Structure formats: structure tokens, C-alpha cells
């Protein structure tokens, strides 16, 4: 394997084609031949390995969905490469491991009261999609928020109050006075993209002057009203999956381009963009990107994103910075999913299981227990 | 014991009559005298054993409900019969054990997203029977589906959204455009057989061109409109219990005849027929029949069938073939029931317990743990 | 201690008075002085012991609430009394222990389907009391019933379908044709005593010709219409607590009189009367009384009786006789309560915990595990 | 460290200022210099320690939120101070430990029925805040109450009956006759402060002549109608958090003043005031104050107070005195929170987790198990 910077051609390309026709196990050393470490290789001849044994550290290529077909299962081996050299190298890309996340956790003062942990509002819910708010609210409550209110259409009132008794509900029109009470607003789960929803989102963006979390249909509403993007309060957090990202910022030719576009937009808009995927990328306005290391494909299930919105909103409410809330939030979310999978399996888990495992995830980070994975 | 092909008569019949009057424990060797191995023996003189110790492999007779009165508890002993001989014998009948099911499981790609696991619709629910949809939807979510929507009458909207937050609901009339979004449709739980329900089923059959799962009242609606049967998309899955089967395809004189009728209909209609019972038979269009080996009589409780519908629908959504989804689905369902019985007992278990044990059932198959039974 | 048959008087009475003024621990041997073994002693001078160490077997007096003030904690010691003698004595009173209950359990046939376990109806629920039906229905499902329908007012429809998805609901007026579908009817939980409820109960009594379970407000309705009592189908089961019993059959001067009245009424009406208390008495039409040995004062909490109704109804549905259903039902109910108390404490348990422990109670009986107590 | 009674000044104050600028770990011995043991020190120069190692017993100062910034983590060391001397000292302030609470527990009579454990009413609930009643009712049920009814607006009826089946609901206007049925009334969770709610509270205060529990919005209604305070039945229990206390009795300059004001008001009004905080103070009419020793900052979350209201109401219903109910209630509440935190973490726990841990908390007290902390 090599990590070159130009496409493989000629006899090497023919060899790759030949290798890719085999039914044998293909093990690539360091990187599959033809795969670039730090830029997209899509369209080039690349070995499709079943396993990749790489050296020293993760390469960017390993973190992108488009390359899983080439790398197969990746293992990074410590071969004694100079650590000092690696640390001199500057890169915007780092992987968030448990030890980084542990440094983020804020200890709780003994005499703290619920006012110390913020007053969060989550806005969303619509016809047939109130469950998204049930999930988001429940996750927010398991993230340490002090007080939680959900803003929902009247038809969701009984649903939310039955399923999430710890949350209060508002079904009336939001006013600027109401908004001022809240420490943070998360918006989007199950909200739909009706003109009325768009109007509500606009109202919140224009009247709430603290960082928000914008997810799901709130992102889709933004995509329909791109002129609102510059109005977002600095350090707001956008949490798109690839399709929502595309609606918002246009399409990309490959995962590397999309990542670069996210980096550009995070900087331009002064927001944190959480680009969701297996290695969710927390893209910061300062140009740095933190790839998350927890989670599993069992979490690719309806409602999983709503849970993340609730978590990040709950963390912001407690006074975590947007960078901290995004990094800690995606790590907790993935770790809770990993814990849920040990009991319910990847296939058998549902989004609610992630919520129920959040307590164990907090304890695993705080008490430095062995990872669930 | 013998496995002859003609009814026992004369002195042998008299001996059987005598044996059946005893209060002693009756142990049959290989098969109870008078019981045919591969055809129905109903009406003939047959020994009623308390235990049957059989040799080499299960006989078809042991898998049919009508013969439990004769065989009592069956145990199949390995007496060193030639395996090569057994494998040369061709039979359409096989028993699905864990090792077969393990080969069916599709590993999940690390970078998979919810779109990779399908977008399922389950249609059903009616006055007083919304719970059937709660169970079916919850089971579908624990089967690995990516996204789930339920189509229900408006009166069920709050119930479903409160009890199953991960599922979205549709209460409006289905349109061809709506149907095209879905990877698979499961229909029937709690649906009733009103003219309106029949109309909806017809609409779905005529406008959805991928395999469906048809259960419960959807089967009963089909029974009222047998001319729709040929319109079923190839490889759709019907999941009747014996009474539903009878309504659909007419009555049979015995279990063997019913099985043969199912084999004929599966072939004619090019559908998979899951004939439910203790050894649920997955009857394939190609003439093969796979008897399931998991499950227990604690699962003979309201809602258990709705759970199965949800599971098979969820598996189809993920890209399992109809054969795979039916075989894996009935196996998972039964295994989850066996696991539930270890905690809740056969008498004490309810259908919801089967759902809650699905995660453990997946893990038991994937990790090759010892069976719950 | 003595077990005489006339009140203590004179110097002995004075001695008892003196003893009862002490603050010392008072230990009675065999029985507290002045307490009759088999008839009421209320009003007489009786020693108030803190502990009673009795010999050979329980006396009737120990099973009645009115004597707890005299006996304190009772322990029965084996002092080698002639077992043969005890067995010659005829008494209508026996205590139901686990070994008796184990003999009642019906094994389940492997090929059983839900039709084999009956089709039960539970009727009840009213304004502000739908929860009683939630509890009763859930308990019925954990008792092995095949199919369960609840008949409730329309205002309870969403509540029941959300909380108990395995049960179907009927909110329409019951008809004779509807009633014929059911194997058993349990009536009363949360029903109220409005004229309309009384009319419904009358309709059921007159049109349903199999044994019923009559509890709570159904008993109170009966008390308002005592002329319906003789119309009860033979072997119906009444499950009054002492106050409901009094409304139905009049007051008694003491617990012994009440028990004797129950014995007379059970015989006259040819019904089973389950007289609820710490040692719940299953009073049979044949004159025998079976005192239950499970349960604890943590079960003295709202909804506990509704749970029992559901259990007994579920057992009748499966084909247990009225005697068996009553004896097994009260035993299971008490044992589940004992199991619940080990996790939730007597103070901390709620009626729903009893339901959730029913599976463990079944397993403890079937597998002959050590008792929870 | 010293425990003087006048502010530190001059060179000592300068030293304190210097110490407080350091980034080193600061350990105070006995008490941080400048901190008064028994009166407020706010505004004075005081050492801000990271740890305080104190001697013999807790000082009042350690129990007040305002001093956490000075003491840091407090540990009290046994240095062999004369116990006899300590016991001669009279102080109104004591800390409630498990051994005190164990003495309060009332054993349950075997033959007890639900009537023995009281008939409680909890009144509350309002638009968007029915969940507070769900939590309060559920907690009441896990505190040993015999029967529970909730008085709520009609819009909360389905929510309460679905989520808390063991409780009955009343949505009609309360009448004096209705009130007489109840052993105790708890009022406030989610009630709002509308004129109608105020009217209801007034009606209850004027027509219910047994001790009540007054919390949350009932306190806020009282604050709007201070002339009702003297009408409170003797030994009623008020459970304000600091802000509610301030609305009711005016502001204080510091925690010591607030405590003294609570002592004065408890005596004047002949009520128990439960001043909520990390060391919740149970302030008795007789001038004594019992500080609670259980609980953790994970309980600083919406709904936690509603849970406490339910617990204390449930204890009063069972016949605990107001002093006992308040002391035992706050201890149970905190202990349940400590147990919940071991599973769900402080950040991940929600108020419902406290309720679910109440059973374990009861068992830990009754069985004298090791504390969760």
C-alpha cells in the first residue's frame, strides 16, 4: 500500500484491476494501493482490500464513508513511528477519544440547583411526527439539563405530557418575552417544513440571541431560506446528515469535498457544523475538525438524530461551549449507542435504547470504565 | 414403533386400543405404532405414547399439531444412521436450526446510514385494535428497519405516537406517490375487514409493486376477495394461522393436506406462505418447506402474530429476500419468545415481552450463544 | 396459653389485665390465654402477646385479622405431635401451600394455539377510574389468557389501547351475540355504580351462562340489587374485601362470624367467595375453606384487587375450574407481591409491580424455587 | 482555620486576599480563615479553600450553599473531642443520618388493609404541566399510601390515567364532602397561579382541617395571598426552594438570615418548613432544624420537587407525624436520588429515576444496607 498523491495508472492500474477480481482475502499494508490519504480518490483505480493494516495513526481517508469499499476493516498498528514528528505535523483533523472527552466534563457543585443547569427549549413536532420530540426531549433530560420545555403544535400536547412527564409543553405562539427565558433552543425534530414552521424558525432566529441547535426539518427550512443563514447567532450548531447538508450547502463530488465545504461554511457562518456519519465530524469555525470515535451502524435508525439534538441542546443549557457540547454530545450519543448494542444488538436496537443508555455512557466517561466497544 | 404406509388393522389394532386404555407411561420407539411418517394418520388406530424416542432425524409427522396426541414428547436419538444416505434422500422438508439462520444474517457496514436499512410502512389498526399496530411497529423497530411509518385511522394517531415514538404516522388516504417511497409494506394487524379496509388493501396491492407482508385482517380481506390473490406481487409473504389459511384457501381434512395445499398455493401464487403453528412452516414457491425450531406455547397469546408481521416487514426492508426474511423472522420470533419465557414463564408472558427479547435473540444468533430453550 | 372454649374470668382475667399493662415482651405458648382456637374471642379478656409460639399446626384464630392484636408474631413449632391424629381430624379449613398449588398447574401442550387458552372479557372502567382496568387487563395477560378484550366506556379507549396494546377494546353496548364469544367474563374494576353500570351488570348476568368473576364495583352493584344474586351462574367467583362483603351479605360481629356467613352464602349461591385479607380465604360451595399463605401488607394499596380480578379471570379462561382458579389466583397474586417487595419494599411497591412479578411467581411455582418470603 | 465571630481585617485580610489569588490547592484546617461557624460571613474576607478538614462535627456554615465557594470539599475528622461536651451543648441544628431515620419507620401490621395507609389527594396540574402531577402521583404511590386520587383539570385526565393507572382522578370541582374523605392533601405540582387555581387553594385551605403539603405553585399562590397563611392547618408542611421561600416570606441577605427567617415563620405559623437545597433543612415549629444528609446535584432537575411532594404526602397519609413525614421524606428522596445516580449518573438522571429508586431506598433504610453514596 502507498499514500501517493496521483492516480495509479498503467501496469499498476491493471494489477489493481486484477486484484479486485480475486475472491481471496486482500490485505493492504498502510493503505490500499491507489487510495489517497488526504484527498478523494473516487474514480481512480484502487485496491479493494478486505483488511487494511495501517501504521502510526488514522488517515483522513479511513474516516470517510466513500472509502470503506477500499479499506475494508481498518486496524492501525503502532510500529514505533516518532511521536515527536507526528506532533510537529499540523493537521486540522483529530479523532476524539475518551481521554479528550473526559477533560471536557464539568464537575457539579454540591449546592447546585436546577437553575444552574439551564432552561432549554426544544421546538419541533408536527402531524405524525411527535415521536421525534418525545425522543429529543427524553434525551435532553438525560444530558443534565436543569429545566426543559418543548414547543409543539397543540395536537402533540397529550403525547408529550404522557411520554415525557419531566418536560413542560408550550403550544401557544412563541413571543420574544418567552424566548428570553431560555438558555438555549434546539429546533427541528419532526417539525415539517410548512410555511408556518418556516415562519416560526425565522422568528426564533431573529429573536433569540444565544447559540441554537438546528437539526432535521429546521435545517430543511433553512435550506429553503438560505438568506437566514447569516442571521444565525454565532456558535450555533448545525447537525446535518449528508442529505440535509447537501440541501443546505449544495452537492459535493465526494466526501473530501463535502468535508472541505463544511469547513468553509463553518468558518464563514461562524457556526459549528456536526456532519453526521459513522465518524461524525465536528467542524469548528476555527478550521479544526474533530472526528468522533464512538457509535455503530445499529444507530442508523429513525430517531437517532433526534436523540443527538436533545443531547447537544442539554449540554449547551448547562454552560458547555458550542465546541464542547458538540464534541461531548456526539461522543456520548455514540457511546450510548455502543452500550445499547451490547444488550439489544445493532439490528434489535431502537432510538429509545440510546436514550436509556445515556446514564451508563456518562458513568463510563466519568469513571473511566472500559469502553463498550 | 413402525413407519408403515397402511392403517394398522386386526389384532394389531386391538393391541393399540388396549395400550391406549392403560394408565401406564407409554414409550414408542422410532414412531408410535400406526402413525405414518409422511402422511396423515388421522382416523386410524394409533398408539398414544407419552414419549417417542425416534432415530436419526425428525419425521414430518412429528411436526404436525394433529399428531401430538400420539407422539407425546418426542426425542430424536443419534444411533449412527448413515449420514450419507440421509443426504442422498431428497425431501422438500427441512428444519431450520440456528446454524442455518446464522448464514442468513447480513453484516452491517460501518458507514451504513438509515437509508441502507429501508423505509417500511405497516398498515393496520382499527376501532379497539390499535394495540396490534403498537406491537407490530415496535417489533419492526427491533428488527433492524431504517425508517418506519405506520398507516392508521386518525383515531389511532395519539396511541401510536405515544407508545412508539420512533415510528411516524400517516392517517391520510394513501396515494400512489406515497407508496413509492416505501421499500416494503406490511399490512393487516388490527385492521378489521370493513369495506373501507378492503378498498385500502386493494389499492395497495394494485399500486405497490414490491413484495408485501400480508397478515391477520389483510388475509381475511383477501379471503373475501380471492380474485386479488393473483395480483399479489411475486415473493410477497402471507402469514396465516390455520383458521386464516382455511378462510383463504379452503378447509383440509388434516394437517398433511393443509401443508400440501399450502405448498400448491405458494407455487401457484409465487408467494411465501408462513403457516403458523408450533413448528411454523415457511412454504416457498420453489416447493421447499422450512419448519421452524424455536418458540413455545407461551406465545399462543394475543398480539404474538402482530409481532411476527413487524419482524418480517423489518427484515424485508433491510434487503433480506422473502425466503430469508420469512425464515429468519420466524426463527427470531420464536427465539425471542423462548428467551421471554425464561424470565416471564410461558403463562406469564405477553406479546410485548417477545418484542423486548428480540435484541437478545439477535445477539444469541450472531454471537452463537447457547439456545434459550 | 390455652385453647379453651369459655371466656376466662375471675383471677385469671385479672392476671390477663395485669399482663396486658406490662411493657415487657409477652410470649404466649401455644395460644394467648383467653383466645379461642376456633371461635371468636372478641370482647373476652385475652393476653396481648408480642409473640406466640404454637404447636403442631395453625389454628383458625391465627388466620383472622381480629386476633393479630393478641397473637403478635405467630410461629408454629413441630413438637412431634401425632401426624396420624391430625389427619383423622376433619376440618373445613386448610392452608394452601406451594405444594398444593403445584398440583393445580396445567402443563401446556406444545402445539397449543391461543384459542386453547380462552377468550376473556373484562368489563369495567369509569370516569377517573380507567387505571383499574389497565391493571386488571395487564394482570390477565400475565396469567396465561389466550385473547383478551376489555369492555369500557368510550372515554377510556385511548387509555387502554395505549397502556395495554395486547388487549382489544369494546366501547359499544354489549349484545348477547358478543357475549357468546367469550370463555369467561370478569367484571367490576373501576366500574362505578351508576344506573347504567347496574344495567350492564344485569345484562351480563342474565345473558352470559358461564362462570364469571365479580369484583369491586360489580359487587357493589350486586349489593344494590340483591335479587340478582340467585341468578349468578354456578361456580362464579366473588372477590369481596371485608367492606364489600358486608354491603353484600350484611355485617358480622367478628371475623369468625363473617367467615361462617361466607361459608353459608358460598353454599347457598353455589359460588366461590374469595374473602380478601392477609390470609385470603377461598370459600367453596362444598363447605371447604382454603386460606392463602402468600402476600404481605405492601399489597394493601390501590389497584391490588384489580390485579387479582385479572389473574383469576385469566385462569378461568384457560380452563382451570373455579376452585382451581381462585386458589391458584390468590396464591400467584400473593407470591408476586412477595417477589415485588424484595425489589421495591412493602412501602415502595405499587400495584403495577405485582403484575410485573407474575412471571417470576409462575416460574417459582413451576420450577419449585425457594419462596420469596 | 478559625471559627471567630468578627470579620478578619488588616494584615490577616491581606493574607486571605493573597491566598485567594493563588492557583495552588488550598487546604483549610477546621474552617477557612474568616468564615464564621454559625452566622453568615458573606461580604467578609474569607479564604477560598479547595478542601476543608474540620474537627468533631459539622458546623452550620458547611451546610449553607453560600459557603461552598469558601470551604470547597468538606471532610469532618474525628480527633477525639469530648463527646460528652458536644452532647451538653444545646443547638437547634442536627443532621439527619440513617440511624435517626430508621427509628422513624413504622412496621406494617400483617393484617393491614389499604384503609390503614390512608387516602391521599394530590391537587395540581395545568396547561403544559400535567407531567408534574404524573411524577408527584407516582412518587406518592411508592411511598406507601393506601389509596391515591389526583385532582386535575379535565385536559389532564387521559394523561394521568394512562401514566399512573394506580391513581384515580377527579376533574370536577372539589366540594367539602369530597375533601372529608381524604386523610391528607398535597397541593401544587404544575398547578399554575391562575385566579381559578388560587380560588381552589383557598377552598382547600378553608375546608380541609388536617395537615396539608404545600409545594410549588401552591406556594406561589400563597405568596400572592399572604393573608391565607395564618389559616393553614397546624402542622401543615411547606416545601419551598429558596426562590419560592423569598416570594412567600421576603428576601434575605444571606443563607443564615433565610434560615433564621424560616425558623421564625415555622414557629409563628405552626408549620413545618422544608427549605430545599443540598442540605435540605426541615425547620420545625418547635425551633429545631434537621438538615438532611442524602441527595446529590443530579437531582437539580425539573420534576425533582414534585417527587418530594408526592413522597411527603404519601407518608402523612400513612399516619406519620408532620415532623416524621418531612424528615423521612427528604431522606428517602435524597437516598433514592443517590441510588439513581449510581445507574444513571448525576447528569443522566431524570426525576422519574428518583421515583423508580424509592423501593431500593426504603429497603436500604429498613435492611440497614450500606449507603448508596
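Lettered A, B, C and D in written order, each chain numbered from 1.
In this text, contacts are C-beta pairs under 8 Å (C-beta built on N, C-alpha and C of every residue); 3 or more make two chains touch, one makes a residue touch a chain.
Fair warning: this is a prediction, and the values are worked out from it, not measured in the lab.
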| item | value |
| --- | --- |
| Chain labels contacting chain A and also chain D | none |
| Copies chain D and chain C - interface residue numbers shared by over half, same or different | different |
| Farthest chain relative to chain D (centres taken as mean CA coordinates) | B |
| Inter-centroid spacing, chain D versus chain B (mean Cα positions, whole Å) | 56 |
| Centre-of-Cα separation between chain C and chain B, whole angstrom | 40 |
| Residue list for chain D, restricted to those that touch at least two other chains | 158, 162 |
| Topology of the chain contact graph, where touching chains are joined (line, ring, star, complete, other) | ring |
| Pairs of chains in contact (touch as defined earlier), listed by label | A-B, A-D, B-C, C-D |
| Chain C - residues contacting chain B, complex | 108-114, 116-117, 138, 141-149, 157-158, 161-162, 164-171, 358-363, 366 |
| Residue ranges of chain C in contact with chain D within the complex | 65, 68, 128-132, 134-135, 156, 158-159, 162-163, 190, 241-242, 277-278, 296-298, 300-304, 343-353 |
